[in-house]
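My structure is below; once you've seen it, I'll send some questions.
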Amino acid sequence: MRETLQGVIPPVITPFAGEELDLEAFRANVARWDQTGLSGYLVLGSNGENVFLDDGEKLDLVAACRDTAAAGKIIMAGTGCESTRATVRLTARAAAAGADCALVITPGYYKGQMTGERLEAHYRAVADAAPIPILLYNVPKFTGLNLAPAVVGNLATHPNIVGIKDSSGDIGQLIQIRRRTPEEFAVFVGAAGAFYPGLCVGAAGAILAVANAVPELCVAVQARFRTGDLEGALQLQRALMDLTPLVTSVHGIGGLKAAMAYRGYAAGDVRSPLAMPGPAARQEIGAEMERLEALRSRL
Amino acid sequence: MRETLQGVIPPVITPFAGEELDLEAFRANVARWDQTGLSGYLVLGSNGENVFLDDGEKLDLVAACRDTAAAGKIIMAGTGCESTRATVRLTARAAAAGADCALVITPGYYKGQMTGERLEAHYRAVADAAPIPILLYNVPKFTGLNLAPAVVGNLATHPNIVGIKDSSGDIGQLIQIRRRTPEEFAVFVGAAGAFYPGLCVGAAGAILAVANAVPELCVAVQARFRTGDLEGALQLQRALMDLTPLVTSVHGIGGLKAAMAYRGYAAGDVRSPLAMPGPAARQEIGAEMERLEALRSRL
Amino acid sequence: MRETLQGVIPPVITPFAGEELDLEAFRANVARWDQTGLSGYLVLGSNGENVFLDDGEKLDLVAACRDTAAAGKIIMAGTGCESTRATVRLTARAAAAGADCALVITPGYYKGQMTGERLEAHYRAVADAAPIPILLYNVPKFTGLNLAPAVVGNLATHPNIVGIKDSSGDIGQLIQIRRRTPEEFAVFVGAAGAFYPGLCVGAAGAILAVANAVPELCVAVQARFRTGDLEGALQLQRALMDLTPLVTSVHGIGGLKAAMAYRGYAAGDVRSPLAMPGPAARQEIGAEMERLEALRSRL
Amino acid sequence: MRETLQGVIPPVITPFAGEELDLEAFRANVARWDQTGLSGYLVLGSNGENVFLDDGEKLDLVAACRDTAAAGKIIMAGTGCESTRATVRLTARAAAAGADCALVITPGYYKGQMTGERLEAHYRAVADAAPIPILLYNVPKFTGLNLAPAVVGNLATHPNIVGIKDSSGDIGQLIQIRRRTPEEFAVFVGAAGAFYPGLCVGAAGAILAVANAVPELCVAVQARFRTGDLEGALQLQRALMDLTPLVTSVHGIGGLKAAMAYRGYAAGDVRSPLAMPGPAARQEIGAEMERLEALRSRL
């Protein structure tokens, strides 16, 4: 597992037809992503509208991804729940449904009580019980909680905790995490703005919303980095910077789905209370996608 | 419904024996609370470890509260989920299980996308579908999101939206809400520090964690206020101020359960990753409960 | 001093003609405010554009206020600087210029280092040296720092620290402060939304931006409260709630000066980088002032 | 000016003997720093206790730096005040005292009013009037305000605005700034954790508190980066990560002065209300300095 945990992984979107889960659309997307050099798929991430899915839907999505994805693609499932025991249960079921590893978000509802000690106990209990390896998931903008590098360092000694997705966007924290963890511990960048810089400080790859819509460009950033074409990698990183906010902070998952639709992906709708962007936003996103498509075609 | 929506309502804790739901303990607490002058019970609130419960447990708790509580007690159920449709479904099932009304938290996971417009659409859809009246629930410290008074004012015109629990602790906001809503719209204070001040500006009552442990004192604050004994009401409010942080921000639900145990309630354990407080914290809580018990005995 | 520290005090605005201090306009305002029942004046507060004034201007303003104000009006000067020694010096000079007491803001630039212990040492050093009594000033929205009630309680034992202006808007904190300080310690509310509620929990008065523009209404809130006309006081409090954000959070000091100009005060301009509001904002403010003027005329 | 604006620049500390400015100590430090490969000095930065200095002290420090520093060293002065006109005046006087360029912090006291438009107007007015080039200074942790990349892009077109110090630590923002500004616009990293990553994305250099205490290591990071020894540069960057919080967020300027004293610099005391660290903190800092000294001696 550890040696393959690298590269670009999209937190795959969950297509809905109206409010209903559209598994066929989901499969179609996976089949198409398979052609792009992505290392694998994060199913049930924040961008997968995880919090809107019931357990049956969650397991259907993992199984559909497993069935469809090419051999060798990492199937990572977002299985973190607020309680330890629900997390343990969902992780076991996701493993049975075909997940290779699980990404476990910090439980943040009772953030005032979530000391480093409590978080560490939670992760150890989950990792002890899990039939598959576990990655930590730190995303302060959603949880209101930061997983301190010292805690990550402690947890990295657990044999079944193999990596982290850090979406803080704090590059200094990424360096701190890298320092306190063994080389084989897979550090994934979870904020698009920190992708190339993250590679420069030792990240194994990135899990990025934009990789749903422009996987080839994201893959190319890391490919160029690996071959030593730093200037070329940075150029692509810069090119991604205008799309990134449009499909995350500004227009959210609706914006991401609109961007994917521009490329012909079967993105579908979002579940309420989220909403798809209006015409002006779609135009803004379309213009940016057009610019990037020109860039992609010249890769 | 509207005329009875007033008074002190505890967001009732959910007792666990280890990690298992203990319905007998829950029923015992309700039976005992029934003797204290509380107006009703909020089942499945934040203090009820809502986010740790599965749907079956949630409905069992509502039904157990309905069965046990004395006639005339309001049974309010926390049915807010992140998605509109899950909220609609759980509200219907809670109604079937015996809830009189539902308290619906602002869906906050995708907080950056939750504009006033989106929140309004969410609440209207839920209220349209609900077989029981709905109350809004604004708790920025948990959700990272504030429900603006203007949005509350709009929603208060919906015939099936009958009130709000505002836990912001912002007394100015409470006044703004009161101004923009009709008199029969029930405004509950959700922050202990704003209880008596909230009554002074027109709140119908309060939904307070501390009311689990010291219901008599909370009820007495409002009783004194109603009879015009403002000085006496304020004195009790002041007396509650040291316990409040111990059972909320400082020691959390574990602290609240420890305080209840001091009074002989069947509070049980918390689910992991929460933890019960250690000996020092218990002693601190016990000392404060002792002080308040002396006060209560002289009521 | 202590017995007179009560009532409504405006943090008086500093009129500029273009960028130049206009002392004549300032005196004219004080003379007019003198007719309104205000208890005194806070010169050099945040609303007085304190951070834009040099030391000469500051002392001229204090002296002008002293010279103009009617006998018995409290002259309070905002003398808090980032360093202890600058605060000591300015307090001494303000006293020499005629200030009755000084309002000392928490030094917040190095907020990460400003523990309760450091703040307490700062205030003790200032109070020890000051020839006039000191009031604490807690305004988290400007300083990013909160002065904990426990620290206020400690400082209230100092013979030369006679009160506090708390602008947190946190009514629970106001109750905590009130509990931990002797009755003669003057607690002023600094957030308009907490004015009436603050009186209900024992505040001595309020220091409010809106009192620059509608002093009569603010004074009437407290007058009604004192005579036991709680309903009437609350009604006026509610009436103030729409003006308040327009002259603080929304349009800032420029908005406040526009509101004052509507009433014929010599408000003048703001210093750059602040700006006066545009026509739409002025119209919004004017409409609100018109509504309040109708109310005032019926007092 | 533009071509020389690069490399490592310490925001130099201001030594005090007790509470008194110690210019001799200051000169001694500059003389010693002159031997270390630093590109220049930022006088009157946040780490220079700028907010504790009066105008006379400020100009004495600029002049002393000018007199002492070797030819070719950049003398940058922190001249930003809350008002536009005070900033213009201090910039002119700093230029007269020998500053080569001025670093102008975003005026943040009235942060709610500081729109991009107001900030842009402020900076244009300052830059128009300044006899020396201006750099923008963005430090959200102190000001509570972020200078958006779009605003930076607009300001970079002004002929007298030649660079920025961005202390947000947000590497994505650094990339955005770099994209929106011409190549000769000097982007300085102001957060130690983003130093090496910043160089990787096109920063001209860094202005770092730690460079006061370990200038040689900081200079070596950039030297290695320039010669293409990326692995070596990253190694040094990692080595700096434990000292950084000790001399900034944890122990503040007192911690930084203690670290400098370890190396024999004449760091002196801090002004009150800041305080020097106690014995335990000094030991922690000393241990870290010892580790880094071993590293430095092997450079």
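A, B, C and D are the chain letters, set down in written order, and residue numbers restart from 1 in every chain.
The rule we apply is simple: contacts are C-beta pairs under 8 Å (C-beta built on N, C-alpha and C of every residue); 3 or more make two chains touch, one makes a residue touch a chain.
For clarity, every value in this text was computed on a predicted model and none was experimentally measured.
Trainee: Centre-to-centre on C-alpha atoms, which chain is most distant from subunit A?
Mentor: C
Trainee: Using mean CA coordinates as chain centres, what's the subunit A-subunit D distance in Å?
Mentor: Here the centre of subunit D sits 36 Å away from the centre of subunit A.
Trainee: Return the distance between the CA-based centres of subunit B and subunit D, expressed in whole Å.
Mentor: Result: the chain centres lie 50 Å from each other.
Trainee: Would you identify the shape of the chain contact graph, picking one of line, ring, star, complete or other?
Mentor: Drawn as a graph, the chains make one closed cycle, so a ring.
Trainee: Let me make sure I understand the interfaces: which chain pairs count as touching?
Mentor: Those chain pairs satisfying the definition are A-B, A-D, B-C, C-D.
Trainee: For the complex, give me every residue of subunit A touching subunit B.
Mentor: So the residues of subunit A in touch with subunit B come to 19, 46, 51-52, 54, 82-86, 107, 109-114, 118-119, 121-122, 125, 141-142, 144, 249, 252-254, 271-275.
Trainee: Given the complex with subunit A, which residues does subunit D contribute to the contact?
Mentor: Per the touch definition, subunit D meets subunit A at residues 169-173, 175-176, 178-179, 191-194, 196-197, 200-202, 230, 234, 237-238, 241, 244.
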